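Reviewing the structure listed below.
We just call them A, B, C and D in the order they show up, numbering each chain from 1.
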């Protein structure tokens, strides 16, 4: 269904990818852990490696949970509901992470 | 406990809201300022109107007349809602007392016939003119930019329906408590050849895009009509044994004087604007040049009725007043 | 009113308002009233509009002036008597900060857009009703500002409310709600605000706020609230009249109106998420739980009373209402838990609920509080005991429609966050619920424009890249935000009360009655 | 106010009106109580809630009797805080709140 309007009603998305240059918005959700009230939103380079993402974004956030230990807590991962097994220097883009993708983890 | 607490002096952390100290320095603010200055949203509107995708929700481009800082205009009356309704409650109460006084002494009935005709044929029909003013004020309230301006327009809109009701109550009184005069006055508004130019002028104003054009056009007609009916004819009434007319007219001329205060202040603010001042003056001159002929034609129709009823020099008065208006708003010599 | 031979109230009203109108003949009606056809609503006879109140200007001015005289007398004596010291606890004012930042600008928006209706509805009856409401809404905005102005002099979080309404993340929830309404056509606005907000949901918003004020020693807000509510009953009547008028005019209007009820119920309900936590968590002395308020004001009065009335026209209860009913057990807890984590960037403060407060919550929510939320608060308390304070180290995912952080859970599963998304013209959009997703998919062209605070921060439009940059851009001052315990307000409050005599009995900031 | 346990299982379709609790309004409340046999009156902080399973009528004459002065039905605007139902009539002599259908 489309809007009913007087005259043409067409405006670009205010969150479209091109507004972020070589970066994109990425959502990170620790499923099942209510300590985090909602998934997080990050701005991350498409070419960012998985390791950098974990070290620079995932761990600092998850560290607010006193029960989290980066060394011992292990996760299974999905990107937009597709299971993935991310490797160290693989880029987010290569992992299938697109603009506003949802990266979900479940503690093993 | 309470007594001791109340004698303790607690130093306030701040005197008023931050926007006001940023504007006016660290001083207490008035309730008018707190309730009016910077109230309208100015940034980060989420969606465009479905009914007007080319504008933002609040958009200075709804008018050719602009203020660099919309709050460089403030209402000299400092009307926020409470003092506004208090002032108008007094107006309507005073009018009711006047009307009661006139009715108790049958003074409306005893008006000379020419004056009764004037009221029925020229004054009461203008309740519809006022009703048009109601729409013009509401339009300006929605599309003006900045609360100090739109607030005045909002009250002006409400004042118009109030004035229309004052005139209607006079009409009911003239008819001894029923609405016969209102019915004939409405027919005159729709059909009387001398009222058609004014009705046409109002209807055309309603479809002007620029709220300021609507407002200026109405003001031009006001200056002619209020000047004629409630000032010029008021003097005639006092000389001509129609004191009852004068008693009624004082309320409307009093309102008009009050209304002028903010209207003149707005014209002044437009003219002195550091960035848009010159363009505003040129635009205002152009508006007056374009709209005054219609306003004049409308007012002349009313004046012709007045002269038929009373031979009061109404047409001459209106023509003189219109020339003065044209001169006052003439383009500046460069 | 002094006329010896009085017309009846009805006749007098008709002569003094509706009869002022005339049929335009120098311009086309469509040109003078250009906005009442594009929405698809068909009106055949504008004169069928009923005006129950029949207020003429003289009566309006008289009663409104009297109401304001009473209200401002209370405000003045409150200021003179340092009445703010009588609050149960300064943390009570968090509710009022949210009110000034979040609700007052909406009153103002209503003022402006009812003026639009006062100009553009074709019938003189509804135009005049809209004009009165426009005036009333300005009154509400200003009396709220003046009521809270005195608190602003002594407390934090109120000093830059208008600036913040246009910028701060959680305030985009109320702002986008109202921007959505005023950018809709006049009939949708009537359903959105006149009906859904003023009639369906207003009691859920105002009565708890005002009773909360009365329970917590806030005499000015209580006085303001009751005074405003007397206008609200006029507005409720306008809303109800509007919907009945549309439904009676043409059967083709029914599905359009139904879709608007569906949309605006959910929009309004999501907005009230902020009220739910206010009732259950922000008031030091509790009035009633969100669940109880929802049952009383919404389930009993609206689903039980109003909707059977509207069924006559073929109107059904709002779509997704079952999700709202199911959420009544969990909503406030989830919302306050979120605000607790993000109050470092807010114009109010939060804290772990006291033992008494948690006891009250457990009594009010026997199914959910101890099982789901108490463990979280215990863990947050342990962090505090270790000398820390849990704040979320990042920014949350937002719902594209309601703009609340995506904190809501799957229907029937309060432990799994609800994630919905829709692709539109190659871009992905996220939603907190079926309700918000449904709203987006009806009008995607509208919601792609949303100014989402988190996305805007990441675009660099909010003062700078760091949290302190953003907070400075919000004009937050120390003490506005963060943790309640030990902040400047609490410290000042203790100092003010310490100087009073020893036998003073400060009202206890405890839960329940 | 926290003692109730939610809606009654079989819903009665109530109408209701909330009136600010003041000295002036006591006459209004008493008049409503007297003229509406099936109504229930409940006191809440700062206000009085009157509900009825049928309808609520406010009669000008009843209020005037108790107030000892003239009372216009417009004055009810100074008393009312909220209502639910439909204002079916509001004229010189009477205000009537009920559901239409």
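Just so it is clear, a contact is a pair of C-beta atoms (placed from the backbone, for glycine too) under 8 Å apart; a residue touches a chain by one contact, two chains touch by 3 or more.
For clarity, every value in this text was computed on a predicted model and none was experimentally measured.
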{"item": "Closest chain to global C-alpha mean, per-chain Cα centroids", "value": "C"}
{"item": "Interchain centroid distance [CA atoms averaged], subunit B/subunit C, Å", "value": "34"}
{"item": "Mean-CA-position distance for subunit B and subunit A (Å)", "value": "58"}
{"item": "Rounded Å distance, subunit B centre to subunit D centre (Cα mean)", "value": "40"}
{"item": "Junction residues of subunit B, two or more chains touched", "value": "48, 50-51"}
{"item": "Overlap residues in subunit C, where contacts from two or more other chains coincide", "value": "35, 38, 66, 185, 446, 449-451, 456"}
{"item": "Touching two or more other chains - residue numbers and ranges from subunit D", "value": "none"}
{"item": "Contact graph of the chains (line, ring, star, complete, other)", "value": "other"}
{"item": "Subunit C-touching residues of subunit D, taken from the complex the two chains share", "value": "1-2, 4, 6-7, 11-16, 18, 20, 44-47, 72-75, 77-92, 99-101"}
{"item": "Of all residues in subunit B, those that touch subunit A in their complex", "value": "48, 50-54"}
{"item": "Subunit B-touching residues of subunit A, taken from the complex the two chains share", "value": "3-9, 11"}
{"item": "Complex contact set, residues of subunit C against subunit A", "value": "34-35, 38-40, 185, 334, 337-338, 341, 372, 376, 379, 382-383, 386, 390-398, 405-407, 415-417, 419, 421, 425, 427-430, 441-446, 448-452, 454-456, 458-459"}
{"item": "Of subunit C, residues touching subunit B in the complex", "value": "1-7, 11-12, 15-17, 19-27, 31-32, 35, 38, 56-58, 60-62, 64-66, 68-69, 72, 81-82, 85-86, 105, 108-109, 111-113, 115-116, 118-119, 124, 127-128, 131, 134-135, 138-139, 141-143, 145-146, 149, 152-156, 158-163, 165-167, 172, 175-176, 179-180, 182-186, 446-447, 449-451, 456, 475, 492, 496, 499-501, 503-505"}
